[in-house]
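First chain A sits with chain B, and in the next complex the same chain sits with chain C.
And now, the complex of A and B:
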């Protein structure tokens, strides 16, 4: 029997595990949660100046292997992320691990025929019908999680009783794991949406509103951004974030044209990964009256590096402050905190004027 | 008459000759920024983001050199030569970055073969912007590409001919904008030549052959220029004594592809990664011991 595992990102391990558990007739190994050990391990075996998600995902893979995994799944695209798989596979093999790495996205597209062929070669047993049905449910699950997360992000800083949202969300994810059908999932979603909207909040009229933009992995994996959202919410700040898996999988294709048109004063083309998206979002956040923007990315993320001068220009035209963070394995947490505190102190002062 | 500026960086090393031929034919005056020097590089660093690669920083330095010396800059966007032959994202964003950083008119075209946008249309469009008819531009394009192909074929023959040389042979595996840049590759090539090494350039092979050949080492790679380089290595591997990997810090594609290739080949090699603080003295020591090793034959 094969033991399948995959790199973690945010809470999306729930729908992924759900899908794999149902589609494959194999054992699914959950990697341990990302810790500083993960990134240390990943960094140790990664090329020197690769971007940080490579190190995180390699680190999780190594930890999954420690737990017995022999088959790993990787996916990505839009920049060099799409090429992680082959290099990570080689690194693992050179380390002496006899593992199979299956890359779901190759050359920028999901090549079903190739995936089927690879599954056959490795002898992994799966059910096509179940893969389609539970794939559909997993996608809906992602969508529901993203909707609920958006709501939580806007309000978590203002809950009357600390931890109300987190407790509810924890329960929701646990229930999501157990669902058997789409109808059941939908019912649960409606129930939790209502519960979450009923959480008592005390929101002042003049709270700070901050938009978070940047490179997708760093935005979506809280450990890699040093729990930025949590930090902000503890300071009573409303958070807006655009990037989530549902956006990347289903909305980006349609929205990117609108984004380009919307920001055509500044850019003509897409610039790889989410660079153009983030430029349009900057303009949107400025026009929608957000008090500040935080742009986060991993070190060496080329598309975002290209977007940064343009983001800076737009924000200064609109006089909206932007804070840039470039995270790597050895970023100092105190340094981040200090810069953040200075940033929202400054925003507060601007607001009071 | 309007004057076009050509920045000696990145795109120049792929399309510079075609542009020159094209403008020559149409009798459009143009100016090319000089070879990279310290001043150009430092200027580039002023405009660039800290984390941009050395080659792109230098490119912005060339752009800034040209700003008050021409009416237009030519900056293409190169997206892909079909989906399995894409480029680094700097090739996608250079136009928009320059447009937002400097105040200058830009002649721009996009190469995206997956959307049927090619060089011919691009140059015809540029001709139009400069006031030439479609017919004139078409003729100029034909002339430009014809001449380029001839020159290129000659370069390839010379380069590949070196594979049969009796000297110690080293393949310099690098993007041409690094290889031929005065502050990146030039001193290395000079040093190798002075030490009686036959230097073979990875960018001067027939990409129709090398692109496909790269699949022997990597089946998932989708960066065109990296594939061409890797293919050149596979083509040459039985005839060369060693490989020098040369990249500009922190090159996105190279960070992964060079890592993979170095893990898979069994030819002596060194990896040189240059940034704006690199001194040639440090590199020289490494080159020296590498050459000693190759010539010592162990």
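And now, the complex of A and C:
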């Protein structure tokens, strides 16, 4: 029997575990939650100047192997992320681990035939029909989670009773794990959406609004951005974030053309990963009257480095302040806090005048 | 009794304290070295300030800023604890309401604050390197056998400053050693060093920022006439250096303490207050958070460093 595991990102382990559990007739190993040990392990065995998500995912893989996993799943994307699978496979082999790494995306494409062949070679048992059906449910689950997260992000800073949103969301994810059919999921989603919208909030008319943009992993994995959203929400700030898994999987493909047209004054073509998206979002956030923008990325993220001067230019044209953060495995937390504090002090002073 | 407000700025190298009255006049101020022990430094600072404070004043507000602001905020029971960027801007704006750019170089950090119509519009702080900061200057001064305070005067003597790589402290230092070993006069080296600080600051911190006059230069390094000279030369603008430039953070936080006063009267008697910190490693999960517990009069007042919020 194979033991399958996968790297973690945000709360998305819930739908992924759900899908794998149903589609494969094998054991699924959940890696432990990301902690300082994860990133220590990842950093130890990664090339020093690789982007930080590589270190996080390698760290979770190593921790999963510690728990007994022998088959790992990795994805790929439109930047250095595209080589993660191959490089991590080599690193794990060099370390002497006898593990199979199944790469879902190679050469920028999802080649189902190749994946099926690889699964056959390794002898992993799965059900095609179940994979399709539960894959559909998992996708819907991601969508529902993203919708609810968007609402929470806008309102969590203003909850009357501390922690009410978090408890509800925790309960929701637990229920999502047990879902048996699509109808059940839909019912649960409707129930929780109502519950979450009924959470009492005290929102002033003129609250600070901040948009968060940047590199996808750092934006979506709270541990890697030092719980930036949590920190912001404690200061009565409404948060807008665009990047989520549903966007990356389904919306990006057709939205990117609109984005390029919308920001054609600043860019002509895509610059890899989410660089073009973030430039368009900057323009949108400025025009929609957001008080400030926070751009976060992992160190050495090349597409975002290319986008930063353009973002700076747009923001100065609209006179919207932007705060840039570059997170690495050993960033000083105090430094982040000082800059953040100064940032919303500044936004508040601007708002008052 | 007249009201007064105490502002304390605890930086990496120096600790600054100032007491102001309702009209922002400085009643008394002090500037001492932190020497790696902020609690001890603040106790000493308060003793000095207390001696100089006339008897007809009472403290109605206390604010702390600088890198040890949180710790000292607990010690002094401050009514406001704010970051140094805001404090510097507020302090400077009290005296120079028209200022557009604040350049600040301190012991281990350097920042730039852009202001328009009395509101901060943008700011930046050094992130990676200490090449353009005061501690680099003082370590180099020591190596050259000079006192930091006479550094600036030395630089002014030079007619031909040497070129020094400004990217990084380590390379700048090896450049300096090289220039000294091949026999350049010391004033040229000192001048080159001052110039490299300015270039490094403008390249790293001031990158992409539009520097408009009036420009104010402050922080510990603003006492160095050599650095001022090269700022003027390179920016092609006049640079204002206030005689209280090194106190601006403390003044700013004192002003903020006045604006946020809660009607309480504070005592400056610290000698009978026990203040201890205890560091432990949690060890309950792989995060292994370093926890710092803070005791005031043997009573736990706060603990920091926990990722999960258990403490």
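Miscellaneous remarks
Note that the second predicted complex is superposed on the first by the 353 of 353 C-alpha atoms of A that agree within 3 Å, B and C clash if a C-alpha of one lies under 4 Å from a C-alpha of the other, contacts with A are read in each partner's own complex, and residues count from 1 in each chain.
The rule we apply is simple: contacts are C-beta pairs under 8 Å (C-beta built on N, C-alpha and C of every residue); 3 or more make two chains touch, one makes a residue touch a chain.
A quick note: this is a predicted structure, and the numbers were derived from the prediction, not measured.
On the superposed chain A, the two partners chain B and chain C both fit, without a clash. Of the two partner chains, both chain B and chain C are touched by A:326. After overlaying the two complexes on the shared chain, residue contacts for A:353 are found with chain C alone; chain B is out of touch.
Once the two complexes are laid over each other on the shared chain, residue contacts for A:272 go to chain B alone; chain C is not touched.
The superposed model places chain B and chain C at 80 degrees from each other around the C-alpha centre of chain A, with the value given to the nearest 10. With both complexes superposed, B is the one of chain B and chain C in contact with more chain A residues. Contacts of A:106 after superposition: chain B is touched, whereas chain C is not reached. In the superposition on chain A, contact of A:339 is made with chain C only, not with chain B.
Nowhere in the superposition do the C-alpha atoms of chain B and chain C come closer than 6 Å.
Shared interface residues of chain A, touching chain B in one complex and chain C in the other, are 309, 326. Within the complex formed with chain C, the chain A residues making contact are 32, 35-38, 309, 312, 316, 319, 321, 326, 334-335, 338-339, 341-342, 345-346, 349-350, 353. Partner chain B is touched in their complex by these residues of chain A: 47-51, 54, 79-80, 82-87, 90-91, 94, 103, 106-109, 266-273, 275, 299-300, 302-303, 305-310, 313, 326. Looking at the complex, you find that chain B touches chain A at residues 49, 51-53, 77, 79, 83-84, 86, 88-90, 92-93, 95-97, 99-101, 108, 110, 218-223, 249-253, 255-260, 263-264, 273.
Residues 67, 82-86, 117-123, 125, 127, 208, 210, 285-289, 307 of chain C touch chain A in their complex.
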